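For reference, the structure is listed below as structure tokens.
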Amino acid sequence: MGLELDFSVVLDRWQSLLDGAALTLELAFIAVICGALIGALGAIGRRGGNVLIARLCGAYVEGIRNTPLLVQIFLVYFGLSSLGLKFSAFTVAAVALTINVGAYTTEIMRAGFDSIHKGQIEAAEGLGLSKAQVYWHVVLWPAIERVYPALTSQFVLLMLASSVTSQISAEELTAVANYIQSETYRSFETYIVVALIYVVLSFIMRLGFWLLGLALFPRRRRLGTPL
Amino acid sequence: MGGTLNLNHLLFLGHGALWTIGLSVIALIGGGAAGFLIALCRVSPSRLLRILAATYVQLIQGTPLLVIMFLSFFGLAAIGLNISPLLAAGASMTIFVAAYLGEIWRGCIEAVPKPQWEAAEGLALSRSQRMVKVILPQAIRIATPPTVGFMVQIIKNTSLASVVGFVELTRSGQIINNSLFEPFLIYSIIALVYFSLCYPLSRLSRRLERTALQKKPALA
Amino acid sequence: DQLDDIMAAKKIRISTDLAIPPSGMMDGSMKPVGSDVETAELLAKDLGLEIEWVQTTGATRIPNLQTNKADIVISTLSVTPERAKVIDFTAPYAALQSVVGGLKTLDVKSWDDLKGKTIAVSRGTTQDTALTNRAKDGGGFNVARYDDDATMVTAAVTGQADFVATSATIVNQVGVKNPARAFEPKVLITTFDLAMGVKKGEPRLVARLNEWIAENIKNGKLNAIYKKYHGTDLPENMRGAS
Amino acid sequence: MNAHTPPPVSAGTAPVVALRNVHKSFGPLKVLDGVSFEVARGEVTVLIGRSGSGKSTALRCIDRFETIDSGEIEVCGLRVDNPQLDLRALRLDVGIVFQSYNLFPHLTIEENITLAPHSVKKVPKREAKTLAARVLEQVGLGDKLHAYPEQLSGGQQQRAAIARSLAMQPKVMLFDEVTSALDPELTGEVLKVIEALAADGMTMVMVTHEMGFARGIADQVVFMHRGKVHEAGPADILSSPATPELAQFVGTGL
Amino acid sequence: MNAHTPPPVSAGTAPVVALRNVHKSFGPLKVLDGVSFEVARGEVTVLIGRSGSGKSTALRCIDRFETIDSGEIEVCGLRVDNPQLDLRALRLDVGIVFQSYNLFPHLTIEENITLAPHSVKKVPKREAKTLAARVLEQVGLGDKLHAYPEQLSGGQQQRAAIARSLAMQPKVMLFDEVTSALDPELTGEVLKVIEALAADGMTMVMVTHEMGFARGIADQVVFMHRGKVHEAGPADILSSPATPELAQFVGTGL
């Protein structure tokens, strides 16, 4: 078909690709940390006794889960500036991604909480543990351990989805790729190289989560069995 | 250029929404079936199958859908297979969804307590019977929330099919916006359409999940 | 040979992006319009061919050619030597005048006045390349890249950006959308030639297209189309060259 | 219904656990049908009865894992049927070991045991560990400190669960068939542990099917039948039952 | 190691279950240390021993839930230690009931019971249901056909699990402390069921802590101690143990 691949033009721009990849990871890192926190609180709020809080958490989850990330990003970015608040694209991207991943985490964590057997909670209550202590020791950690694969998948997905923040001028990996490919018209080469970089990035993330899992869940480390 | 939103624009959006629905259905059916196979391979006794499935999952989960779309549409064309945009988008979505659902479902299958596997084994049920009658019914309940969470993502991810020339909901919105320059209005409408597509799905699944909970105890 | 194939099929597949006004867009009744669209329609009519539109986005204009999903691309392709290595260009059929536009209330007249400012552009456009190079050579301003013109204009309308680098036509759009933030052209960047793109190694097709372009520049039809959508005539040198 | 006059609160003589005319249904199923009995300080009360007769439910009501429909329950001076009851205060006084062991699967045995003393009673980590080692030794599991529950056999898991409860040093202990999974030798060991606890003034209520065990330890035997206390009295009633139901129950045993 | 000459297959005289010098470790922990015993057709063998002595593990090895490190296991003419063994063939012949009941929580009791006969042995649904009703009646749960496991008390769940295994009419039944959660009355009932099975020619291996039960039912008693068969013989050895360990074991029981 006369399509000759020439990667040199793309690879010559490795410096920008590296910068883009670094920014992608940075965005993902911030969003995962803050989002996981929001998710844990959201799940507790959703199952807690306060109807108003439970409703609010539910609305948050549904609102975010059922609309595209791109729209959420636009609303935060242009919404804030219409109100006269001007933040850098990076800040807005990080905030929007955090809000987004927080909703997904809330939902996954709730499922984890629901999978904890009543008998476990009764045993802890019988030992006199306070509600918070029961949540922390007997519900939260085993739940996280159980949904850990789903959670980490979601987080890697977030990293890949962060590519849409290129739309509001965050210079992450996809933005760099689009720039390179429209400058050189070497679309195939650019996309193949970028695909490989994303694979490497997600591999790095998975490796990180695996190591984190070993540190967080000693039982799994020693026995190797799912909870 | 310019002008205001009119009925034609809305019809155009509606047309885009139809494509979004169509592509989602293809992705759910194709990706669901393939994902189920992947999940089974991931818990299979055969080491080879497990490794193959794991490699597939790793590779696909590490690549943005946009890139998969691009490479399968133009990549196949480059080696002489000129497939239609619908086929390319459907194939890409299937490839993508299978990797994620496969992995989600594997986790749910493994979450069924080991004694349940043993009890089924002790009754001489074959591997497939154990799966179908004992493990999967229990895994499904655990699987419902993450699966629905992902199904909704599928619907939204179909927007990336615009790269292969598909004019679905997001793309049609973009086209309208780029002549009207009313991003707020247009994207709010798009958000609303997506919400009305996705929300009933979330609700339905929650109901199913609740009835399943009433019928069956939580896992030990 | 592609020219023979096209003439035999009585149909030409033209790839264009319908989300880049005023070159390609939808009108109120969702029909494709714009300067590129009208140019393509004129071309097809003159050659006695039927048009098959191949919807595309910025990123897929070129792969559409390379993988034979389209015969030609008419979609604001600016000619650069870098790009000419990948596809063949015809002679220019139009030109794009790029300017840096800014808020009317700001007193900016030259590149020096832009020091320390942030200029919004559409990512990967020739304006982007030009500004990025200038910034690297001590231009003293920042570049904020958006994915398309619409987002860039929205950024300007809502106050995220005070300067945009784009065509003069689009600069004027900002004030239309938000009268409180009227923009005007401030500094001329450069004028780019726009050409049609053809797959590499089709000299007969290029020759035929060049012939048609020369003819229609001479008879003023291309200028008329350009003026209709962009509000100005084609540059002097281009009209004179023919 | 009883007259609802609360008894005078006088720690010396008041029973540590008292059920008065307790009723409880699960939907249409009447599980407790006017149950009353009292447990004095330092006394071991054994609940016996057929499967489904409501023994576990009665025990769970004492620790407010089930709310009752009517009647009164008093434990260590606390009115358990009071909806405003401070549950944690109740559970500091009451230890419970369930029929299914409910060890926390993600924690080692040591962590299972130190969890409550450390986080509820603020015993320092180091002391809690010493405590854990001691109670595990008591139940014959000194070498399983760092094992996870799933690595233990059923009997070992049940003993660990008992140790976990003992570590909180409660005033009243409730046991629901804790010896079910234990072999005779270990049953004997646990019996000794429980006897030692009784000597220390621990009040206990236990459900068991081991009649020999009941004979050996019980100060009071409560025989439940269809949600009612059918017969109650000192351990002797097992040898000379007054009702034909109890006679049949112990008779068909071994 | 034994000489690996398989015994002549002659259904009449060959033992139905035979363990020969079986070794099995979990990591560093030696759980079975040269275990050998044989079970003849129609014979009831009772495994006794302290918690952790390897009884459950021995039972699990017979049904290949654990692979062994060395030695031979033969069940109904099948070499269980053969890695190429057809597991389903083995499990059609062998029924097993676990210490923890493991009923399928998403199925009713009836569905739990009909599942295997219907899907493995292709018994028609209708017949399978009749069968389910019959075996449930046998264990005294005739009225719980349509209940879900969680709606039953512990004892009821264990009986349902036994019924589920009985419904497959296997040639050998393995029971791991199936009576642990049963009260004396029901233990008696199950004992009758098991006796009837023995009379039908059913071969059984069971782990139990109920010495009375063992005395009543066992043709052979195998006493395990630290992973070894420490003493074995007819039920009489419980009354007159030859080793001090067995004497202590039964002595401390009641």
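The chains carry the letters A, B, C, D and E, assigned in the order they are written, with residues numbered from 1 in each.
To be clear about the criterion, contacts are C-beta pairs under 8 Å (C-beta built on N, C-alpha and C of every residue); 3 or more make two chains touch, one makes a residue touch a chain.
The shown structure was predicted, so the numbers you read here are calculated from the model rather than taken from an experiment.
The highest number of C-beta contact pairs joins the chains A-B. When chain centres are defined as mean Cα coordinates, C lies farthest from chain E.
In this assembly, the C-alpha centroid of chain C lies 82 Å from the C-alpha centroid of chain E. For the pair chain B and chain D, the distance between C-alpha centroids works out to 51 Å. Centre to centre, using the average C-alpha position, chain A and chain D are separated by 47 Å. The distance from the centre of chain B to the centre of chain C, with each centre set as the mean of the Cα atoms, comes to 37 Å. Along chain A, residues 1, 3, 74, 78, 117, 119, 187-188, 225, 227 each make contact with two or more other chains.
Among all residues of chain B, those that touch two or more other chains are 70, 74, 77-78, 183, 217, 219-220. Shared interface positions of chain E, defined as residues touching 2 or more other chains, are 100. Remark: chain D residues 48-52, 56, 99-100, 153-156, 159, 177, 180-189, 209-213, 215-216, 248-250, 252-254 touch chain E in the complex. Within the complex formed with chain C, the chain B residues making contact are 1-3, 6, 8-9, 11-12, 70, 74, 77-78, 82, 162-167, 174-179, 181-183. The touching residues of chain C, counted against chain B in their complex, run 18-22, 25-30, 54-57, 59-60, 63-64, 66-69, 148-151, 153-154, 157, 173, 176-177, 229. Within the complex formed with chain C, the chain A residues making contact are 1-3, 9, 74, 77-78, 81-82, 84, 86, 89, 166-169, 171, 175, 178-179, 181-188. Residues 117, 119-120, 122-130, 133, 137-138, 141-142, 145, 217-219, 222-223, 225, 227 of chain A touch chain D in their complex.
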